[in-house]
Structures are given as structure tokens and as C-alpha cells.
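Chains here go by letter, A, B, C and D, matching the order in which they are written, and residues are numbered from 1 within each.
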Amino acid sequence: MHFLKTAWLMSRLQMRSLVLSRRLLICVLLASAPIAIAWFAGGHQHATDIVPFIGMFLVLQVVAPLISLTVGSSVVTEELENRTITYIFTRPTDRAAFFLGRLASSTVVSTILVTISSAGVIWAATYPQAGQANFKRERIRRGAHEMVEIVRDLPEGLATGLIAASVVAAIMYTLISAGLGVFFRRAMILSLVYTFAIEGFLANIPGSTQKLSVQFYLRSFLTDVHEMSASILSEIPMLTGTTLYTAPEALTRLAAAYSVFLLISALGIRTRQYMMTS
Amino acid sequence: MSEPVISIRNLVKCYGKIRALDGFDLDIPSGPVGLLGPNGSGKTTLLKLLLGLLVPTEGEATVLGFRPTQRRDRLSVRTVVGYMPEGDCILPGMSAIELVSTLARITGLRTEDAMTRAHEVLDYVQLDEERYRPTDGYSTGMKQRLKLAQALAHDPQLLLLDEPTNGLDPKGRRQMLDLVEDLGRTQGKNILLCSHLLQDVERTCDHVVVLNEGGVVEQGKVSELTAAKGALLLVEVEGESARFIEQLQAAGLQTSEGTEGGLRIQWPDADPDADRVFELAQQAGVAITQLRQQRSSLEDVFLRAVGVVPHATSDTDASPSHGDSDDLLGKQP
Amino acid sequence: MKPIIKATGLGRWYGEVIGLNDLNVEILPGITGLVGPNGAGKSTFMKLLVGEMRPSSGSLEVLGHTPFANQELYRQLGFCPQQDALYDHMTGLQFVTHCMRLANLNHTDAKAMATRALQRVHLENAMNRPVSGYSKGMRQRTKLAQAFAHTPKLIIADEPLTGLDPVARHQVLDLYRELGDSGTSLIISSHVLHEVQSLTPRIVLIHRGRLLAQGPVEDVRQLLSRHPRKVHLRAREPRALARALLELPHVHSATLEEATGDLHIETRDIRAFHSDLPALASRTRSGIESLESSDASLDAVFDYLVG
Amino acid sequence: MRASTHTEIYRPFTGTLREHPRRWVTIGVSSAKQGFKRKLPALLLFTPVAIGCVIACFRVYFRFQLLSGDLVNINSPGAAGITLMVTETLGDVVSNIFTYTQGMAFFSLMIVAWYGAGLIAEDRRLGANLLYFSRPISRLDYLLGKGAGAAFFGFLALTLPCLLVCSVATFTSPEWSFIVEEWASILKVILFSSIWVGTVTVLVLTISSLVGRKSHALIGIIGAIVLSSGVSTVLAHLFNENSFSLLNLFQNFERLGEWMFDRWNPDRKVTITQTAAALGGLWTLCLFILAVRVRKMEVVA
């Protein structure tokens, strides 16, 4: 019971410090970039071209990891760098509760932001008057209603696939950077290196090593439901030689990896000694 | 007294609504001077104004003939003033010798002079072989001495020292105070020393200025401010003090409990006769371990000046104003 | 009395750097001052005490528990860390309340306790403002408030007086005295030795990662028999007094400082000196004006031991 | 000789201060010196630069050798055709330099970023601004000094190799023809590379002044470059319009070079005025931020 209460307190603390932080501002800017691009592109190209293109290359490969890393790396590292972690670790609380609580808040924040980003891309790309500067105000207000209509017109499953993939991406990458923060001081740089150097490398060379990257599974969500994005993927020469999973398969595997990494991190934080160099 | 080193006329500095300095006049004499005041009393603002880092809202200050409050002298005043800031400050990646010589050259020394000078001041602060090592690994004591060395690099006539003993262990503190004392008393430098440790100021300075809430509340010579008030003897005894007290009272002396322990003996006339006390002690069979004329300490002077009753031991009788005496925002009009 | 802290062969390394080496110490309830030069291992010892680190060798018991991440211990422990770090987006009251809630109190109790603690450190006027606007002294006092708000059995404070102005120093020292009087045990590290001494006679002195001395300062001074005790006297007729004093068997030397007229005496037996002095003074009537023996202070003991 | 002792502990300084010390030079030199202390990153960053420079020099050298007929007898039939072909492939001096600067734009950026990222950020973190501004330096001196320190390494990576290529051309060209006929392009090369180095330096210093650590500044610089070029590429791709490439620093640089060396591609929809305006806008923004931040650093001192 106390464990849950601590976790709740910790998640509230994290939520408050996140909401007021400069990090979140950067994340919001990051999240809005693809939406803005999709909006401007909306007038020039058809939504079925824009959504997979921006969704795949910008949202899933760049924006989702960046937002999740920025938010997730604050879970342990921020307290450690500010050296406020002492106040929590010298209280009768379970350290794992600290980690889980803060991770929960971060995950919620990053998921919301990434989902907004990908949903925004769909909305902006499909909005009838997108890309035109002289739109009228009332049209915007009616936009949400119309969007539902237009999303229905999109090829089947494209919207759900992209949103599902971005939710999963946010959850995964947040844990990765938070978990790295448990074990290493420079979590932010390490997770940047991991996602963009290691994973970018693994995901874009042919062969079964792709299965070691999160990106690979995210692609499964898109191709499984939508032929259009599958055709985009097949245009990338590096991706030949591997077959993607179906969405449920991908989800199970990711869930398994997630639980293992979560367990390792939770155990790690209970046993690791944190040096606060003064 | 000779020409004042620093003279200040009606200096006002406002940050928005807050008046950090509240328009005071002040003449600081030559020699080592202590600048005291609670946190947020305007000490730091004053130092920044004297260095020409801030522009005052009103008023004028003169430092050794320069006017740091004027645009013209804003930079040149810093050639005659050495500043030792509070907190850890180092130039990243440099060794001590590089740091001091670089800063000396920035001040305007020629390259060859700067190198010689850097070695001399580092000798003075006793940074020996360490001077060739990067400063990142220095201990607090070494960093503090390095900071003093860089302030001395251009042989300034006035030194502004901000908390030079902060964070030092007893040995480091003694070394630092020895240096400050030598600079002020033997080398004849003008020093303005800010410190929260009143013992440091008492030891190294001849003169003190107490700031509070942006104004000067007390200034004068340390010896005069702490001069003995009346004939009061403070005695510490070992053994049966009850009998001793009885005997003292029988001899017509008033006694009371001292604030820091011990026994206060009030003498009827100005010149106390301690031999008499020893005589009575011998009769009472007690040993005397400590005997001195009561002087007020600098702490008493300080606490009185900033409006706190000295030795207010319980929380309740402390005056309400000092609850946030170090509270900058609490001074809004 | 049962010791609150018991360290046996305690050691801690950071790679090849030694932090603490074979430390054996028992600390009894009450106020204890932890002193030592920079880098002596004080901070390491504190970190081991509050369970931020595990020892590399030996064992450590605090209130009967091994400290590392031990929830049982943290119920009875308050820690005031050295670093000037607080959650800047919170108000003082929110911060202390938050700490109390982590100690498993419900919101109402936590808030009441936090308010009381903040009042005791004189922050009642500032406690509803964000911590980011606090001065250094106010931050120190906030840290202190969170350490004692839940009435722990033991409070550990690492350099709690740094950055405080004399007024706040005075108040905080008084608060420590009160806490000590009310039966809380305190372990306080500080570099300003006379302040430690004004709080407590009992010290633990660590140097180069080893225990150098422990116990009441006066007793420690007695053990340092190879340094004769020094006494400073000022008298109307110092020469006559010096001559008389040198006849005492335990007086080692007498030096007269020409410039000030101060008389410095070295004696092997300070007790005998003190008890002989009244007789001698009243016999010679040399007009003693002051008598001080400064080298029994913690400062002096520290100097003799650490050098 | 008269006996004397010199046991004084503190020696007063008897010299005089310079009348007009160039204080920013001191800061620049000391910043550059700090950069030289770390050997490994220097080795890694300067290796591609050195390789590129050697290749360019060799091509220029080979070309003039061919033209002068030392290697192949021009008079022999057939050889003339081959010589012409090879020299055409090797390109003239200016185009070699131009190719080099384009290839090294990214590396020179990384070099300036590596050496410049910490210059202001670390100063603030370690409180060095307190020490600097207690000296008689103005904010401009400070900025110039820091800028000079970072730009020095950009100069090493870009301007110096270009000058090397020019000097190789000068010495190998027959009868000093290169320096006689094309002296103006040497000046252009210097100007062009200085513009790039200056722009990059200002950008790096600005980001450095906004964050508190060197690593954050590096992340910020890389992020800013990657994001701006990514976004401009995506936009340009989606709209088939080149004006979005104004957002891309590298492409602006390329266009500026094309204009200066008379290689303007008529297909470009962007005019040189627009490019200049984009670069000018960047400078203005950066200098404004720097002015505000350094002012704050002085007062917080």
C-alpha cells in the first residue's frame, strides 16, 4: 500500500516538475514540427502520400524518440544531477516506487505528446483547406468534425496504425532512456547514441539484426494494416531480406522486452549506489 | 585619517521595486575593513557597483580616485581593484599558472611580466607544485588560495574579498586568514572583506561596516566597537563554586551567571582588582581556569546593529523582524 | 548506554582512492561533532551513515540497522545534506510536506508537521513562496526543517551552517541545542570548530580516512601529554609573576612578550597550575588582569592532532 | 658586491600596464590553447580535413604538371587529347577549392562546435565569468576573444587548407601564372571561408551561451543543424520548391560559393539576395541573443 502511495507521490512530483520545465517546451515544439509540415504540405499533395511519408520518417524515426528521450532521461538523471535524490532515498520508501512512479508520469507525458503529433499530422494532412494561408476561422472550428469524416476516407487502418505505432514508440523509448538513467550518469547522451547511432544503424541495414531495433517493430504496425506504407518501405533497398511481423506478433515481442527491461531497471535502482560528487 | 579609499554618496540601486541599496553615504578608510551584514543586506550589490558591473539607480561612488558608477571609469577601475569572488570559480581546463597569467594579461600586464607575476603570487599563496596541474582536481583550500592569487595578480591597491574562508577546513582557514592578515597589516593593502564568520573579521580587520536592509547601520574601529563596557570580570572556576560566590558576595561584589557559562563579577569602581578575586578563590579552595575583563564580541556588536537582541536564546522572544532578515523579497516597501 | 552508531573495521574505496580506512567507532546518544580536514573521509562516513553507499569492508550499524536503502532506519533518521539542492518549483511548505508524506503520513498530518517545523526555523513568512526565491540561509533552514520535522531519533547534518549569516547561525545553533536537549541524537559535521564546541564537547575526529580521536575534547586534550599546556597571563608586574611561577614544580617555561606584556606559560599539569595560582596570585599581588588557556579548545586539539 | 637579503614574502609589482592592451587577443589565445590540450578529438576531427587537403593539393599539383608538359610530351599526338581530358577531370584550382570547402563544410562545423561548444557554457557553469568580468574587459572584448578562439580552429580546418592549395598552385603553375592571373580568387577564397567560419562560430557561441554544459551545447548544435536541414529537405521534397532550402545552412553556403566563384546554377529558384538575407537574419538573431546573454553574465558576476 505504501509502495503505491509513494509511486503516486513520485509521479505527481515528476508531473509537476515536467509541466513547468524547459524540456517540455522543447518537446512541444518538436511535436508540432511534423504537424506544421503536414499542414503546409496538405495543399500540395494528397493525404495518402503525406501521412505515411511524414509519419514514418519524421514522427516515428525522429520526433517520437527525441521527445521520449528528453522526457524519459529526466526520470533518474534529473534528480541525480540536481542532487535532490537524497531527500527521497533517505525516506522510508521503496526506491523502485520512486522509479516506477516517475516513469509512469514521463510515459504519460511523452505518449500524449507523440500521439498528438501523429494525430496532428493526420489531421493537418487531411484537412481540406490545409496549406492555404487564407483559411477562415470557422472552418478551423469545424475541423475536428470534418477530420473524422476524412480520416474515414484514408486507406483503411493508416490512421490507427500510425497512432498505435507512435504510442508504442513513446512507451518504449521512454523506458529505454529512463532505464539507462538508472545505470549511467549521462543517460541523455547515451540514449541519443543508442537510438540514432546504434538503432539507426541496425534498423537500416539488411538482415535479421533489424529485429534488435525498436524501429523494426514499429514498421510492423504500419505495414500490417496498410499497403501504401508497405510499398514505401519496400522502396528502401536496405530493408530487403527481412519480413516484417504482423502487429500482434510485434506487440507481444515488444511487451516481453519492455517487462524484462523494466524489471532490470527496478532491481537496478534498489541496489545501485549513487555518487553525488560535490 | 588619510583620504578614504572608497567614498560613497547617496548610492541607490533598485531591482524593480526592491531597493537593494537605499541611498547611503559611506567613507571607507584605508587598511583592512570588514563588510558585514545578513544575507540580502546589499553587500553583493555594493561590491558589484564598486567593480562597475552594475549601474546605480542614483548616487556616486569613488574608488581610489576612479568613479565606477560613471561609464568612463567603469572598466578602468578594475585595474586597481582585485576581486576574489565567492564560490568556486575557475577558468575551465587551465592550470593555476595559466589561469593567473591569463587574467593578469587581460588586466594589461605584458606577457613576460604576467608570467613572473603569476609565479610570485602563487608562491605567496603557497601553491607549489600543484600550480602546473589542471585546476579541476583542486581541493577547496587550493581553489580559495588560487582565487586570492588571481586577485593579487596585478598588484591592486584594493582587494575585495567575498567570503574567503567559506568551506575551508580549520587548517585552510588559518592559512587564508594568515594571508589576509599579512596583506592588510604588513603589506598595507586596502581590503574590503565580506564574511559571515565574525571571528575572521575580528582577527583580520581594524575597521568594520555593518550593512542591513540596504543601509549602513554601524561602522567604526573594531577596538572601539568592542571596547570593554564598565568593569566586569568574567571568571571560570573549577570546584565548589557555591562557596566562592558566597565569599564574593560577602566581600560586597555582585555576581551573575555569564551568557557563555562562567561567572560575571561586577566591580563597584572602574578598575577591577583581580588579585582580590584570586585571594577569595584561595580561601574558598577553588581553582580559576579563566579570567578576563568582559568585552563585547563583534557578534554582539553585529547582532545589536542589525536589530537582534544578543543571546536571544529562545525562539519566542526573538523580534519578529529578523525571521527573514536574509529575505531579499521581504523588503518591499 | 547503548551506542546509536557502531562501526567495525569500516572501509570504503572509490576505485583506488581511499575514502575511509578501518574505522572503528561507537557513538553514544546525544550531540556529537564530526570534524576533520577536507578530504579526510567525513563526507564518506556521512554517506555511509545515511545509506547512500555501501561499505567496501567492515560493518556499520545505525540505530541497530545496516543503513543501505533500509526503510526501517529511515523512519527514525533525519538527514540534512551538504549540497544546496532543493526542488525549486515547490514552495518551502510543499517541499517539507512532500518529504513528510514520503515518511508515510497522511496529507493533513504531514502538512501540520511541516508547518510546525518551518515555524521553528523561522520561515513561517516565507514558506508559501517558491524555494527558487530563497536566499542561501533560507534554503539551509528549509533543509534542516525537513530533517527534523518527523521527530526522528537521530539527525545527521552535513555542514549545516555554511552560508548562514551570523543571525541565522545563531538561531540554527540554538535550534540544535534545543533538539539535543529534547533527547534527539545529533551528528553534526562542521569546519567551524568553535561552533561545534559551543554545541557539544563530544567529538569524533577523522583524518586520512582513519579515526584520529573521539570523546570529550577536554579528555582528548589530556591524552596529548607530549604537548605542555599553554596559559596566557597579563599582569601589571609580569616579571615578578614570571619569577614566582617558575618556582612551581610543574611550570615548564615562562616567556614574556616585550611588545604586549603578555606572559606565556607552559605547564605539564594544568590542574595543579590552576589550583596553585590563586595562592600564588594573592601572595605576590602582581596584578593579574587576565588569564586564558586557549589550547584546550577544539581548535587547539585539532591543530595538535592534524598538524 | 654588497650583501643583501630578499626575504620579503609579498613582492609588489613594479612594472606598468600596457597602454592599449588588446584584451580579446589574450582571451582568444588562451581559448585556442585550451583546445590544443586534448589530442584525441583533434586527431579524429582533423584527419578528414587533412586527407581532403592533401587530395586537393595533389590534384592541383598534377594538373599544372600536366599542363606544363613535364609528365607527358604534349607534342606527341594522342597524348594531347589525354592530357586535356585528364586536366579537365582534375578541374581548375578554384573548382578544387570549391569542392574542398563543400566537402569540409560539415567537418569544419563539427570542429568549431567541438572547440566552441564549451567556451561560454563552461564559463558559466564554473563561474569563470566572475573572474573575467572583474578585469577591465568589456562584453565586446569577451565575445571577440571567445569568437576568435573558436574561429581559429575553423580557420585551421577551412581557410588554411584553401591557402595551402593556393600556394601549391602558385609554386607549380608555370611562371607564377596562378598568382599573377588569379590573385583575386585567392582573396575570394579567404573571404568565402571566413564567412562560413564566422557564421558557424557565431551560431556555436549562441547555443553555448544558452545552455549550461558543453555536452548540452553539442547536442543543441547538432540538433539545430540536423533539424533545420531535415525540415528544409522534407519541405522542399513535399513542395518541390527550392525556397525552403533557405533554412538549410549548408545549402546557403553552397549557393554563396556558387555566386562568388561564378558558378551560379541557373536552375536555382533562390536568388543570392535571398541567401544573403537568410544568412544576415541568422547573424542578427545570434548576435542579439549573445548580447543579451553576455550582458546577463556580466551582471550576475
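Definition applied: a residue touches a chain if its C-beta (ideal position, glycine included) is under 8 Å from a C-beta of that chain, and two chains touch if they have at least 3 such contacts.
Note that the structure is a prediction, hence the values are computed from the model and not measured.
Following the contact convention of this document, C, D is the list of chains adjacent to both subunit A and subunit B. Common neighbours of subunit B and subunit D, by the contact definition above: there are none.
Across the structure, the highest number of inter-chain C-beta contacts is found for B-C. Seen from the C-alpha centroid of subunit C, the farthest chain centroid is that of D. Work out the mean CA point of subunit A and of subunit C, and you get 51 Å between them.
In whole angstrom, the spacing between the mean C-alpha positions of subunit B and subunit C is 23.
Averaged C-alpha coordinates give centres for subunit A and subunit D that are 37 Å from one another. Separating the centre of subunit C from that of subunit D, both taken as means of CA atoms, is a distance of 57 Å. Shown here, the protein chains touch around one cycle, each chain meeting exactly two partners. Pairwise chain contacts in this structure: A-C, A-D, B-C, B-D. Across the interface of their complex, subunit D is touched by residues 48, 51, 53-54, 75-79, 81-83, 85, 87-94, 98-99, 102-103, 105-110, 113, 117, 120, 124, 150-151, 154-155, 182-183, 186-187 of subunit B. The touching residues of subunit D, counted against subunit A in their complex, run 215, 219, 227, 230-231, 234-235, 238-240. Remark: subunit A residues 2, 5-6, 9, 13, 16-17, 20, 82-84, 86-95, 270-271, 273-276, 278 touch subunit C in the complex. Remark: subunit C residues 35-40, 120, 122-126, 129, 133, 135-138, 159, 162-171, 174-175, 191-194, 198, 271, 274-275, 277-279, 281-282, 285-293, 299, 302-303, 306 touch subunit B in the complex.
For subunit B in complex with subunit C, the touching residues are 36-40, 139-141, 166-173, 196-199, 238-239, 260, 273-275, 278-279, 281-282, 286-293, 299, 302-303, 306, 308, 312-315, 318, 322-330.
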